[in-house]
Amino acid sequence: MTLLDGDAAAATPVDDIVLSVRDLRVWYGTARGAVRAVDGVSFDLRRGETLGLVGESGCGKSTLGRGVLGLLPDAAKVAGEVRFRGEDLVTMPRRRLRALRGPHLGLVFQEPMTRLNPLMRISDHFFETLHTHQRGATKAQMRQQALDALGAMGIPPTRFTNYPHEFSGGMRQRIMIALALVLNPAFVVADEPTTALDVLVEAQIIAILNDIKKNFDTSILLITHNLGIIAEACDRVAVMYAGRIAEQGAARPTFSHPAHPYTRELLASTISLSTTELHYIPGAPPDLIDPPSGCRFHPRCPDAMRVCPTRHPPTTITQLDQRVDCWLHGPDELIPPGGTAPLDREDIGVAHEA
Amino acid sequence: MTSEFMAPSTAPTAAATAPRRGRFIGLRRALAPVGEARGLPKWVLYIGLAMVAVFVVFAIFAPWISPYRFDEYLTGHGQRFPKSGHPSGSHLFGTNIMSTDVFSHIVYGSRTALEVIVIAVIISMLIGVPLGLFSGYYGGPLDRTLVLVMDAMFAFPSLLLAILVAFLLRGKFGFLGASFSGIMSAAISITVIYIPQYFRVIRNSVISVREEPYVEAARVLGAKPRTVIGRYVFGNVVQNVPVIATLNAADALLTLAGLGFLGYGVQPTEAAEWGYDLQRALGEASGGIWWTSVYPGLAIVLLVTGLTLVGESLNDLLNPVLRRRQLLPVDIVADVEGEVSPHDAAGR
Amino acid sequence: MLLVVPMVWILLTVVFILMRVAPGDPVQAALGGREPQSVIAEKRHELGFDKPILVQYGHYIGGVLHGDFGKVTSENRTVTNVITHEGAATLELSLAAMLVALVLGLSIGVLIGRFRDTPLDVAGRLFGILTYAAPVFWIGILFQLLFVAKLGWLPSSGQADTLQEIDLSQHAHTNIDLLDAAINGSWGDFTNVFQHLILPALTLGLLLCGVFIRLVRVNIIQTLKNDYIEAARARGIRESRVVLRHGFRNALVPVVTVVGLQAALLMSGAVLTETTFSWPGIGRALINYLNQRDYVAVQGIVTVFALIVVAISLVIDVVTALIDPRVRYS
């Protein structure tokens, strides 16, 4: 069934694509060298679609989310393309980009506790946002818009003029979502929206995200490290490793038939009730200043082959329509003779030095 | 009233009190970031040190650098120097209303200033730091009383406190000899202001360090209070001291000048003091005699600025709260495979 | 808040003790040492100096509780009279200086905090350090050299010229000259007083402004790192509004607290500024009485200073509560 969904999505016309990211790179300059937080990422997001972005901490997920919206520190270098409804957000003037944030682009944050200005009432947060983007709206109109958005999140109108410190974490996250969605943006980045919340609230928030998608045709980039949430809330999934997307495809087939060894290992590491022994991926996430050569996962990959440290694998498309960067899936003609032999662990060091 | 903020008159940033958590760091390790520093803060530190160094040289080699003694007003022929004389060949910065050489007062004044500063900072440190350590570590009614007294002293206008103490101490240090008694009583008056500052900062750091797991662990393992304070708490707290000491030194010089300006500092017969010189120059200012006031004032500004730059840059370098990893410019370059066209979209 | 009472008590006691251990006999010193013994003895009795020290102490504390700060020994007036006259002049100076410091300090501080590590920031910080490093009285002297001696634009000292001084003392309402001139509707008096106010207010204002600049800068930097700042930017709020509404207002909470502590700095600065410009304020009066060893007057004025410090800290608590709802409701 999910498979069909994926096929249907693939068949939709190109102009249904809301966001198209091509070869995006975000580098930070430090004394030790450039940190390649995002290093050549491409993906598309269709209208009303939720793309889950998973990966270990420090793999560049959050930087990618911020980079798409142009919310990076001034010193970060950005290259590549982020086309939103045909316009490139990377080269767009700051002022124009700022005007898009709110009415067209939204961001929901990880920690709701600190994201609201403690000195401003909830109502002021809404009025400020609405007034910035809809010059000329009356106060009554703005109030109605705000109350509608809050109501959809289950926040009663009586709490409208309260201060942030008077709400619980789950309520604050719902307020943040209402605030991000009050102007019905076409594209929302949700950066680990449930990580800081308890399990019951988490379920609530996921339900809310599903509703939004249904009701408003909003496209969501959902960043998380919780694979359960991906299965629950996402149409497609992109697995990120060391600044690159290792594999992306429709959520269910990707989880049932992972094409990339990293996805497989990540799924195996998940703890569930049926877990009998703990599985983990040996080694540590790579240094993004001096990442491993070739495929960045090869030092930790159980299936590493001789070709892996030498070149980065090109993207191939599997039978299940997953886009995967792994030499296991070819293309065979690019693999040098003998390249498919298993990689000796001693070779890693040699290859790395070379 | 019991605000945790630090010294407004010295005005090191409030964050200067923030302890670095979780590690045992001695003074040497605390100063390590200074060696690693790059760019502006390090330059500021060097410039400040250079400015201070000039006055240290003045102070040490005063008799050789200065053309006259600070209280010399007669030429070799027994002729009096001109009163408020213009800068000239024989008097580089002119002479003042007391017919003494302004430049010589600058040079000898550095000696007075540095003597007072050093004595005041050392004494207030010797009293304030142990008091803060013990008060913070043991707590209890003694701690509460001390905090209250120190807060009261801290809230009171510091210059007035110094004036009152200077007034009471007048002539009390006669046994130290004429030139040193004035310096000593000025230093003590200033000390009174700074004890509460050391006390507050040290006590607050002790209180936050005291609850750290490793201090708890040391106590559980049966370490004596003396060991815990000396080795664990002191080591972690001491890193605040260089910053406060430098900034307090700058402030102490201003207080000394203020005391001198009001006539409660070092007396003119005892030593050369810039604040007193400025008091004497005040009456001449509206008459357009500028050299008697501009030069001593400039000396104060340069020395205070030098000390402040040293203190501020130490604070920037040592204080993790304000420190920020500077992002450097970076160029996105093509990968080995050349899959990227290196166009640079930064600077948006 | 509750600590205010013991703190006032400590300050009063310290002042009392300091004045008792001061060298020399206060009455003899205050009267100039020329009066016959009988007069001095009578004065001693009148002032209660012949009573046991504890009785004197009780008398002093009791007086303060009733708003009686004692009598000036060397002149025939009460300390309360000094406060309402010289104190009013100091108030005029302090308020004008505070205005200068707030306008300059807040605007420069916000600007360089927002544009941290740019040349603008370096220039602003240097300005802050220089205003701090330059003694107030030296700045005052430089102003006199420039605006009085060289340019001749402004008067060098005093609160008003003699003629205006007389006119204002005859038609006094608040003892604050600028206000009185405005109430009387006398344009001539007003401009005269205003011209006299400019240099002292600038001098004292620059001293405070240096402290404000660094204070606001550090707090703006800290505040702009907060998560809700990024959240506001993510909602497309204009940068100017992010800095002023979200950054500045939140930075103000700690700033206000520290500004309260600057009351002490303001008073120290006022003593020096008043001496520099012969401003007939309470700071200069204090130094005069100290020179005359008039301990009762000094004790009274210092007591008032202590009470002002405490009063300001109470006001700050209220202002903080007004700005920060978390304090208000807790």
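As written, the chains take the letters A, B and C, and residue 1 is the first residue of each chain.
Assume a contact is a pair of C-beta atoms (placed from the backbone, for glycine too) under 8 Å apart; a residue touches a chain by one contact, two chains touch by 3 or more.
All figures in this text were calculated on a predicted structure; none of them were measured in a lab.
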Chain pair that, of all pairs, has the most C-beta pairs in contact: B-C
Most widely separated chain from subunit B, with each centre as the mean of CA atoms: A
Intercentroid distance (Cα basis), subunit B paired with subunit A, Å: 51
Subunit A and subunit C: spacing of chain centres that average the CA atoms, whole Å: 56
Length of the line joining the C-alpha centres of subunit B and subunit C, rounded to whole Å: 24
Numbers and ranges of subunit C residues touching at least 2 other chains: none
Numbers and ranges of subunit B residues touching at least 2 other chains: 326
Residues of subunit C touching subunit B in the complex: 1, 3-4, 6-7, 10-11, 14, 18, 21-23, 117, 122, 129-130, 132-138, 141-142, 144-145, 148-150, 156-157, 211, 214-215, 218, 221-222, 254, 257-258, 260-265, 267-268, 271-272, 275-276, 286-287, 290-291, 302, 305-306, 309-310, 313
Touch list for subunit C against partner subunit A, complex: 226-228, 230-239, 241, 245-246, 249-250, 253, 323-326, 329
Subunit B to subunit C touching residues, read off their complex: 1-3, 5, 8-9, 11, 13-15, 40, 148-149, 151-160, 163-165, 167-168, 170-171, 250, 254, 257-258, 261-263, 275, 278-279, 281-282, 285-288, 290, 293-294, 296-297, 300-301, 304-305, 308-309, 312, 321-322, 326
Subunit A to subunit C touching residues, read off their complex: 69, 71, 98-103, 105-107, 109, 111, 114-120, 128-129, 132-133, 163, 165-166, 176, 179-180
